[in-house]
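Just so it is clear, A, B and C label the chains in written order, and each chain counts residues from 1 on its own.
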Amino acid sequence: MKIGLEIHVQLPTKSKLFCPCPTTDAPAPNTHVCPVCLGFPGARPMMNRKAIEYGILLAKMLGCTIRDTTWFARKIYFYPDNAKNFQITQYDRPLGEKGMYYLNGKKPIRITRIHIEEDPGKIKRVGDLSSLVDYNRSGVPLAEIVTEPDLSTPAEAREFLGQLIRDIRHTIDIPDDGERSIRCDCNISVGIERCEVKNVTGLKNVERALTYELVRQTKLLKAGGKVVRETRRFDEERGVTISVRKKEMEADYGYIDEPDLGIFNVKELTERLKIGESPQNMILRLSKEYGIDEKTAKQFVSTSVELAHLFEELAAATDTETARTWTSGAVSAGWKSFEARGGGDAAEVVSLIGKFKAGEITDTECNIRIRAFLTGTDVDEVRSGSADLDSIISEYLDVNPSVIEDYRKNERAANRVIGHVMKRTGGACSSAEIVDATKRLIEERL
Amino acid sequence: MIETSILSSLSKINEKYQMFRTITSDTEAGDAEFLFSAKDNLTSKDMETCSGSKILEGYRPPFDATSIARMRGAGGLLVGKTNMDEFGFGTFSTNSAFGVPRNPYDPERSCGGSSGGAACAAAVMDGHVAIGVSTGGSICCPASFCGVYGIVPTYGRVSRYGLLDYGNSLDKIGIISAKASDLGKYVNIMAGADPRDPTSCMQPDMGARRKLKSVAVPKDATEGVSEDVRMAFTDGLETLESLGVDVDTVEMPSLKYAIPAYYVIATSEASTNLARYCGMRYGHQKGDLSLKFDDYFTSFRSQYFGQEAKRRILLGTFTRMVGFRDRYYSKARMVRQSIIGEYRSVLRECDAVLTPTMPFVSPKFSDISKMTPLESYKADILTGPPNIAGMPHASVPCGYDRNGMPIGMQLVADQWDEGVLFSAAEEWEKTFESVRPEVSI
Amino acid sequence: MDRETVEKVARSAHLKLTEEELETFSRDLSDILGYFALLDEAPDCENFGIDPIDVADVLRDDEPHMEIDPDKLLEGMDTYNNYVRGPRLL
């Protein structure tokens, strides 16, 4: 089975792609509109610099070749939400081409191209009588990323999308507004001919739509039938794909270059714009460079890239094993709270662990102080809470020594202790704290 | 102060010549320093804008075109919107959905097109300045047919914000007037970068006025041109020489490809621009909503577009279709570059390229109706080349045929070199005596 | 251009032609395309510029603002509860 995806991502500009209308949520339909995005005769597009910059960043992230000049084209199709009945997109010269992106750092997925285009408006259906169009979305910048059919299963496609979205968000700083903002056209073929399922929203639906197609096409072929090249849509409620039109009915888009925008020389911009390491690449690098397993690296990075950075600082100041233990333990336990309070400089943590390594403070004391620092709590308060917590755990372990034996075989044995302590403390301690303390005290007894 | 009497007689004048689609209701000029009209494809807040098309009947744009706004800002009073071929599709202004303007020298003849109403207004009304638009010859053709001066600045000199597009890479806004000095004066008012039209943002400052010292005449400039036009053109050349202008003959072999290349680019672009007219958002919108969208759009477009608009939509849709795009659309754009290159090399050696403006004087409506579309396309043979190349060019009156119909000649300068055209037209006006049409209302 | 092609092109352009129009346009367009064959003999040229002048890097800053009151823009449109009314989709 071969799967290729066309992924549409809204770029986080403040104004639209070709006009200064805001891209933020509008108070009512058709209130963030102007002559340009309504397609009024005589109005013409004006290019948003930021959209080009975001496009270049993504093209770089995908390892695309970015040529020195890029330009736009008109794609002509008639539809009520398409204000000019043509969409300004890219055709002959997309921003980036021939990229390569690695799924889990291993499987190469070829990127055909990435280009920038304008989003159409939104149609609200009212019965079958007429359509009601809201052009607030018309002209919002999109990046379209097209992959080669290098994905082999619906689950893999979902995994790929998840990783891609995480990397995109990190690269161009898109707020995590749920996966629904990602729209996807999915091309899938089991045999020779392929079908395209248009406009599927969200990771879960992509996997559902592809799985449905996989089953449908396989059955069809087994029964001696033939898959026809066609466009289908996904009915989210029923979980099925439905034929929209056959290949021969496809519109001839009749592309021409857009004369109103001119061309864009992006060589200098491309050289100037640097992308940070993508989360996926960071996971791979941490695991390789420090010899920690990928699971741990992923845990650090998905908690926060800053936490992963702190791990690297600690490793440099002490050693990898110390850094790994403390980062997984006390630091991870308090990190969410630290970031919730605004994050910032965590050099104190490095200094505390340094003191512990130098034998100036005990590990319990170090633990308490790290916790106090990250949660912004008074050290004495943490100490007494922690002492309470430690004594509750120790009491339980004294009464149930079998836990230690079980823990040797399977770390999940700790859950029994954790469950008990949670009940006893009744929410006074965070679960991260309890987990950390339990593991610490069990490991002391091993 | 300006004469206000013309305002009160506007509707009478228009009854006779049909040069306007819309007329101002103002009867007093107030503080206005000059009166001007704009072609009906330029948006104006206070007046309907239809581009000569039924499909936009009743459309009132919410904004002024930059060219109109700048004329108003300079003290101009917009007196009306001039009649034109639907969306600029024509050479004789006979393709308007709203009547046909009559030539001031002979009401049985055409004003030329597509800015026919503009040239007519300039010829008939004293001191009138008309904004015209040229895609393939739509300013120089009517200027020559109506015996007035017309200028098309370099592509990108005047902002196209508010221009209802025909061919975006070809459309240029210019001036038609009976007075040569108006060309420079009003182009200067309209010119300048406008962020709302990116293609206007690359222009250098308007070059200095410069005396015309030399012209080049392409070897086959008068091939296929009528005898009357040939004679007037030869006289014009002699006059220029007597004024001390060097006249050279040059070979410009790529110009013969200009007309097919022009029509391919123009209709390819036009057919995309016209896609938006579909019975939604603006213009006629009362249709059968029970039709599926494809059929709904089709019903409006079939009902309200005129024959020439349909013909050019079909042509332009075809020339950019898969399988034909390379042969027509892509090739035409290469040809455009060759033509630009050829003009450049000729204009390195001289100030302007000179030809007659039109191959014949304004034809009678009865003869126009017998012409095939291709025959009328070929009438752009001399105006097409500078237009496809985005070169500034001007038409000046240079003679009259035996029936007293005006004849014009066309000067083409290098891109951004309008200055030489402004002064050439003014110099010419001092020597050439125009015969004004008799206007009685 | 034969009638079948004219019909196909017209469908793509959202035009419905009468029998008479089909006849006329088929004749006119054949005539015109015959003349356009002249382009085949024109020499190829390396560049093909989108515009006749160089238009490059005209960009605007990403600053949102609105100039015309959207209500004014909707004035001439067929609307329902601030939505623009259009034809049905299916």
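In this section, a residue touches a chain if its C-beta (ideal position, glycine included) is under 8 Å from a C-beta of that chain, and two chains touch if they have at least 3 such contacts.
Fair warning: this is a prediction, and the values are worked out from it, not measured in the lab.
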(request) Go through A-B and B-C and name the pair with more C-beta contacts between its chains. (result) B-C
(request) Compare the CA centroid of subunit A with every other chain's and tell me the farthest one. (result) B
(message) Which chain is most central here if centres come from C-alpha coordinates alone?
(response) C
(request) Return the distance between the CA-based centres of subunit A and subunit C, expressed in whole Å. (result) 38
(request) Round to the nearest whole Å and give the separation of the Cα centres of subunit A and subunit B. (result) 54
(message) With centres defined as the mean C-alpha position, give me the subunit B-subunit C separation in Å.
(response) 21
(request) Among the residues of subunit A, pick out those that touch two or more other chains and give their numbers. (result) 35, 38, 40, 46-47, 78, 80, 129-131, 133, 252, 254, 259, 261-262
(request) Note the residues in subunit B that touch 2 or more other chains, in rising order. (result) 59, 62-63, 169, 195, 198-199, 202, 271, 275, 278, 280-282, 289-290, 293-294, 297, 317, 321
(request) Would you mind listing the residues of subunit C that make contact with two or more other chains? (result) 12, 14, 50-51, 54-56, 58, 60, 68, 73, 84-90
(message) List the residues on subunit A that touch subunit C in their complex, please.
(response) 13-15, 20-24, 28-35, 38, 40, 46-52, 69, 71, 78, 80, 123-125, 128-135, 251-252, 254, 257-259, 261-265
(message) For the complex, give me every residue of subunit C touching subunit A.
(response) 12, 14, 50-51, 54-68, 70, 73-74, 79-90
(request) Could you please specify the touching residues of subunit B with respect to subunit A in the complex? (result) 42-43, 49, 51, 56, 59, 61-63, 65, 160-165, 167-169, 195-199, 202, 268-269, 271-272, 275-276, 278, 280-282, 289-290, 293-294, 297, 317, 320-322, 325, 329
(message) Taking the touch rule as given, give the residues of subunit C at its contact with subunit B in the complex, in rising order.
(response) 1, 5-6, 9-10, 12-17, 21, 24-25, 28-29, 31-33, 35-36, 38-40, 42-45, 47-56, 58, 60, 68, 72-73, 75-78, 84-90
(request) Mind listing the subunit A positions that touch subunit B in their complex? (result) 35, 38-47, 74, 76, 78-80, 83-86, 129-131, 133, 252, 254-256, 259-262
